[in-house]
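Letters A, B, C and D mark the chains as written, and numbering starts fresh at 1 in each.
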């Protein structure tokens, strides 16, 4: 659903571990950079959405690692909207170095209200789902 | 397959984010603490296995988040061996605060050789799979 | 001023970098564990102090690194109150592995109010300064 | 000694803590981005220097925090060479958001050999000190 958005990420020293490669848990931070930039490319600043009352929590996250990323690699985080529900958003991700795919993953984000229960997505965000569907 | 091993983890300030809860990517670090302690409880020190030539890489990781963990919570990381293959190990995890389950997840670790290709698990580790199966 | 408090920290895989040692920035997280446990040993839970209106911000932090810490090391974080002012607290820290001193450092924390300006320490905390001074 | 080099860093969600601001320990990662890019601007890739046998370890690090950085802020990391010794390099840093200075700090890096003892800087790096001095 929709196109891949690409955002660059340069691997930091801190993100490596003693195997000399990027620690697997760090990829979820790259995915987050990806979805933030996906939104920004569509005119939405996630910080502003939060200020306006949106709270998205990560309900599920997964990654599959195909080849290691290394210090100072200039990676591309590719992000695509997979599905937008009434109160949820699914994204898919790929991490590439040039044409080589290093990892792929997905997240399920759920919009919640002050009571911690699912809450309809704010209209600005929901509109992106309709746009993607056409 | 086998019993749950329990290890305590105290949430650090750094692990929280501006939502006031533990950042979702941090749970993979907790899972790692869990499997390290699972091994230690069986007499194996993962650092020593690496020094002896074992390289385990994370090939897949996933988590499902049920309720937020907060700063200074004393969590329990529960770890269980799910399956041990010729060159791979599956673990399942739960993060609890008292009796409340906050998250569950799994990882697939693969043993690789210097060439980056799958390689039979070292005997000390493989032995734990046979033990767990009985 | 006052005695050293000791808290254990086990080095996690994620905390290492591709040099095979703990990344220097991580020591500030260990220092924070140290001061949290220093408080707990005196009957104060920092989370509760925050809930009661205290906001301590780190105004200065420094560390000197003497020898590397490695994966799975069981470290001791030693914390000592150096000085307590009207609106500030100075701590000194040492990181040891057994008797070996791996790092030492310090932080200056400042109590601030909702306006971001310095604000008198809450009485529970200020009382520890008087106690330490005797 | 020498000019300030400027590198952009966008604050990630993970880098914030429950006070809603960037965790103080993260600034040392920004400083590292700064010195890596300072080198790159002079034609040196730190990864390549390491591959060629250079090992720089952080011997001292300090930061002073003036105002908080927040999620999604586009920061500027300013880096300047302060001094280059036979086996050491001092950098100074500033973190700015627009014209506002949020933090300043410094690091002392020491070149070490396989035995862990100080070792003369590699010529490519030492040359930058002479250049900066003129």
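As a working rule, a contact is a pair of C-beta atoms (placed from the backbone, for glycine too) under 8 Å apart; a residue touches a chain by one contact, two chains touch by 3 or more.
Since the structure is predicted, the reported quantities are computational estimates derived from the model, not experimental observations.
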Exercise. Same or different: do the copies subunit A and subunit B touch each other through matching residue numbers, with over half of them shared?
Worked result: same
Problem set entry | Chain of greatest Cα-centre distance to subunit B | D
Seminar exercise, completed: subunit B to subunit D, mean C-alpha position gap in Å, rounds to 34
Exercise. Using CA atom averages as chain centres, what separation in Å is found between subunit A and subunit B?
Worked result: 24
For this session: Express in whole angstrom the distance between the two chain centres, defined as the mean CA positions of subunit B and subunit C.
Result: 28
Exercise. Hey, what residues on subunit A touch two or more of the other chains?
Worked result: 13-14, 19, 25, 29, 32, 70-71
Seminar exercise, completed: Per the touch rule above, subunit C residues touching subunit A in the complex are 13-14, 16-21, 23, 25, 70-71
Problem set entry | Touch list for subunit A against partner subunit D, complex | 10, 12-14, 29, 32-33, 36, 45-47, 70-72
Exercise. Within the complex, which stretch of subunit D touches subunit C?
Worked result: 19, 24-26, 28-29, 32, 55, 57-65, 68
